[in-house]
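Per-chain numbering from 1; labels A, B, C and D assigned in written order.
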Amino acid sequence: MQKKVSQGMVDEWIEHVSAFTQLGKVADYIPALEKQDRENIAIGVYHLDGECVGAGKVENTFTIQSISKVLALALALMDQGEDYVFARVGKEPSGDPFHSIAKLETTNPSKPLNPMINAGALAVTNMIEGTTPDEKVGRLLAFVHELANDHSIQYDQEIANSEYETAYLNRSLAFFMKQHHVIEGSIEELLDTYTKQCAIEVNIKQLARIGAVFANEGKDIESGRQIIPRQLARICKTFMVTCGMYDASGSFAIRVGIPAKSGVSGAVMGSVKDFGGIAVFGPALDEKGNSVVGMQLLEMLSSRLELSIF
Amino acid sequence: MQKKVSQGMVDEWIEHVSAFTQLGKVADYIPALEKQDRENIAIGVYHLDGECVGAGKVENTFTIQSISKVLALALALMDQGEDYVFARVGKEPSGDPFHSIAKLETTNPSKPLNPMINAGALAVTNMIEGTTPDEKVGRLLAFVHELANDHSIQYDQEIANSEYETAYLNRSLAFFMKQHHVIEGSIEELLDTYTKQCAIEVNIKQLARIGAVFANEGKDIESGRQIIPRQLARICKTFMVTCGMYDASGSFAIRVGIPAKSGVSGAVMGSVKDFGGIAVFGPALDEKGNSVVGMQLLEMLSSRLELSIF
Amino acid sequence: MQKKVSQGMVDEWIEHVSAFTQLGKVADYIPALEKQDRENIAIGVYHLDGECVGAGKVENTFTIQSISKVLALALALMDQGEDYVFARVGKEPSGDPFHSIAKLETTNPSKPLNPMINAGALAVTNMIEGTTPDEKVGRLLAFVHELANDHSIQYDQEIANSEYETAYLNRSLAFFMKQHHVIEGSIEELLDTYTKQCAIEVNIKQLARIGAVFANEGKDIESGRQIIPRQLARICKTFMVTCGMYDASGSFAIRVGIPAKSGVSGAVMGSVKDFGGIAVFGPALDEKGNSVVGMQLLEMLSSRLELSIF
Amino acid sequence: MQKKVSQGMVDEWIEHVSAFTQLGKVADYIPALEKQDRENIAIGVYHLDGECVGAGKVENTFTIQSISKVLALALALMDQGEDYVFARVGKEPSGDPFHSIAKLETTNPSKPLNPMINAGALAVTNMIEGTTPDEKVGRLLAFVHELANDHSIQYDQEIANSEYETAYLNRSLAFFMKQHHVIEGSIEELLDTYTKQCAIEVNIKQLARIGAVFANEGKDIESGRQIIPRQLARICKTFMVTCGMYDASGSFAIRVGIPAKSGVSGAVMGSVKDFGGIAVFGPALDEKGNSVVGMQLLEMLSSRLELSIF
């Protein structure tokens, strides 16, 4: 007996959380994010039978930001293999903030703790095959097109530019890793690739479908084709549980208990085995950087349908 | 169709891993642990229908060590409630070793990151109700008796004494937390309680049954009585996933993918929803402090029966 | 032409700073310190020709607290030799607070950075010869008697007791070092010795005379007898410059530029080559733990007589 | 009675230490440094009466590397004033290596601990007046010309280029500080300026004369003109004592006891009040990054002439 979400449910949940859109703070570190409307909230659920329901501003698009870390990881694992990737990036959760550099210095040899913190994500993006940023981003977009089954998805050039110009901390992390031979090549090209990756723009149902492919053990929902090898999809979901929600991952695991990855735009993507993909959106963030409304929606969804894996 | 482990399976697995008992290192920090025989390996699986299979040295007893952190957490949560406990101990995984003190200093206000590192475990034990160490240990033993359905379980006095005398690092952690008002009361009494808790002695099937109660959402296997409230059992399993295997928790989640907690004696307890409790034992440890043979057994079990939650 | 301080000078300086006694905060971590009167300010200068001037509450006595770290270091160096002591305690200034434990963990092998931070001071006290706390304290008092040329000096039992009971952080540091074999023996006995050492009680002229012996290359002022070997006295003064004023040592070196050690009671002892010993007192402390009035007095003295060594 | 070094003394010292030129390791992080001849050792002493003696390879030139941190600090202090500079860079010694980034992260607000670690030195160079790297470097060279009384001094373009290309860690530090608003402007321009500053090329007597100006309270030796305000010269010497010899500053203060700053080329500059400037050179470094032969020369000089300020 498979668990299903109905249109009535998502409508009700959106109505419920629309009372809380004034809570939290819209990310302001780049102007393009700051101007997001905090009323633009949405939820989408993509079941493994192909059925998809959505509510809220389902036509609104947003950038995926840190959610792209999961997609880049899947692609890098497919490009280079597990051994290569995990020789350069660790598998352990971190008690530090996602942008922290101190652990890179105290770990000997220097190695980012996992692919979900910024240092690890930069190292992972650096491992995507391609000789130029355009080629790497092109390959990542092609991968996203497959996952979302939509070849129109692009990155937002303005947001990418804006992030590129102000990405001082990521440059600091990248140069530190270059010094310690964790990464090679041009840092500016890496930053170019990384900021475009973060600026990939989707709507709520596209994101839910991407999540559904991970939930479906890497297989395309309609065709059943294996887009991501099963073991690699599983690895991605594991990181979503242990370190997908910044340094609120532990409490999210207790409160909600599903594999999920959030981004600073206010989006969260979830992937639940035998159920489907979930996407929620709400630009206002809590102090940990996770969407306030998104967290509420996921908590309602998980408790109502008993989705917790624990 | 429920997944089941047969006697033939556990026999085969034990035979397979018996070739690897010379790998790893038996814990030598106290004499009582050091004299464990590295050939004493065992596995036990306690299904939710009450069926239990075991192989290897199933009569051998061993101390539960850090596995007790899960049991003490469950009891403290029942004694004090979620809010009280998590006001004093965090919920986030840590990238630091289990005995680390540095994060206590850099976190402001000082608060152990989670109940599975030593600092957090000491704080949790301190929250168990009881006015004396004997009363606290007595209550914990009574709880264990229920979980294992065996009222004969005791702690090993010699091992408790031995650990008590050499627990300098735990004293350091405890005094640091006392300074910062994370814990109150006598440190020596706390250490007395904590070292007895770690020295609770079980055999492989008793441990598997304890794991089974957590797998069974806190309900007794035979009687169905709710020993641990469902939500609290779930919290315990969440910590087992995010920080149950010391600083190999992340790679264990990828490799095996089940809630599990290891101890330095060489025991590991696992709890799998809709399946049952698992206990493995092998005194020789890998460099992270987890049983070498135990990890192999869990990996075989998880892959053969597809138990990964991811 | 030797520089000299006249009675008129010290009277003038005390009058000047008496306007500032309401600034700062009297240490409140033990009741015995908290009840100090913030009006009890004083200065004493003991010239190398034996002349001594003082102003303010010159009869008032106070405990030397962290100033004792210099005295214990001198005695331990005399007892064990440079090589022995510095194999266990480092010589480098630290950018961390005096009570910090994190660096003990990240330094491998664990070793306190210098004898002026609490960890290093505990390790130094542990190296004073003597089989019991009483014997160690007795030897340290005998040493102080020589330095001050006054055999009546004792420790304040009430303050020692009070500090002993609440010294959780120092116990944490001590147990951490015991775990890492930086120190051996009973921690409670070490704390007993250490808290008595900190509670040694002097008046302003006694403290100035102690400082004068260090200024005089370790020789007694009147008799010329070498109480401390010249090289060891010099080592002590070096630590007073690089780490004598907690984590304000660097700015103190710029602002005042003389070897000096402060204590949380509000006392500071200075030692200036070719000049003499200086003691200042004022219970109210700045945010770094140094006497507000004491700092002003030292700054006036240093600038007026051009005492900076830089 | 002023202390003087004779030609015979420096000849004897150079002969003595020439037996030790095979000890230590020539810096190899850039090819231009690696090819230095470890036999090229030298000493120069510039007395305050204008007399200068030298021995060893006195015609050999070398780059000043980290010694430039002192010169840039003096210039930045003259350009911007004490308050401005120390609002952005601290005054306290650090227990961390000179290239460490972790403390920048744990200090709140982020601020380099002192101007002698790389982070602080980069921030200081950023404060030198000038709108382009060429203008800043030009002003610094003009300042060096005055200090050395030699207008021919230039930087070594090859070494500057070489360091510029591989300065990943300094870029990491600089971007980190840019993120935290410790520094502003172009990081590449800052690195351009900084690597040229480090590549300023002198011979031993020129360096000794620079040291002599600091020893002479900032006044030109021959003309008596105040090149650096007295208070600023004193501040520079204070940093030379508390953090001039990397993380061996504390033990150097005990062993030698004079204000000194070392560079990775193998040069050390010392400044002793009422005595003069000292320069020693020897490319082979000890494990802390200080010249092996240079340390021996300074130790002999200090002990023979009793120059220790302690």
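We adopt the following convention: a contact is a pair of C-beta atoms (placed from the backbone, for glycine too) under 8 Å apart; a residue touches a chain by one contact, two chains touch by 3 or more.
Bear in mind that the values here come from a model prediction, so they are computed numbers and not experimental data.
Steps from chain B to chain D, minimised over paths through touching chains, total 2.
Between the interfaces B-C and C-D, more contacting C-beta pairs are found at C-D. Averaged Cα coordinates give chain A a centre that lies 56 Å from the centre of chain C. Centre-to-centre separation between chain B and chain C, using Cα means, comes to 48 Å.
Each chain gets one centre point, the mean of its Cα atoms, and the points for chain C and chain D are 32 Å apart. Chain D has residues 106 in contact with two or more other chains.
Chain D makes touch with chain C in their complex at residues 90-96, 103, 113-114, 234-235, 237-239, 241-243, 247-251, 253-254, 257, 259, 273, 308-310. Of all residues in chain B, those touching chain C in their complex are 100-102, 105-106, 168-169, 171-176, 178-179, 187.
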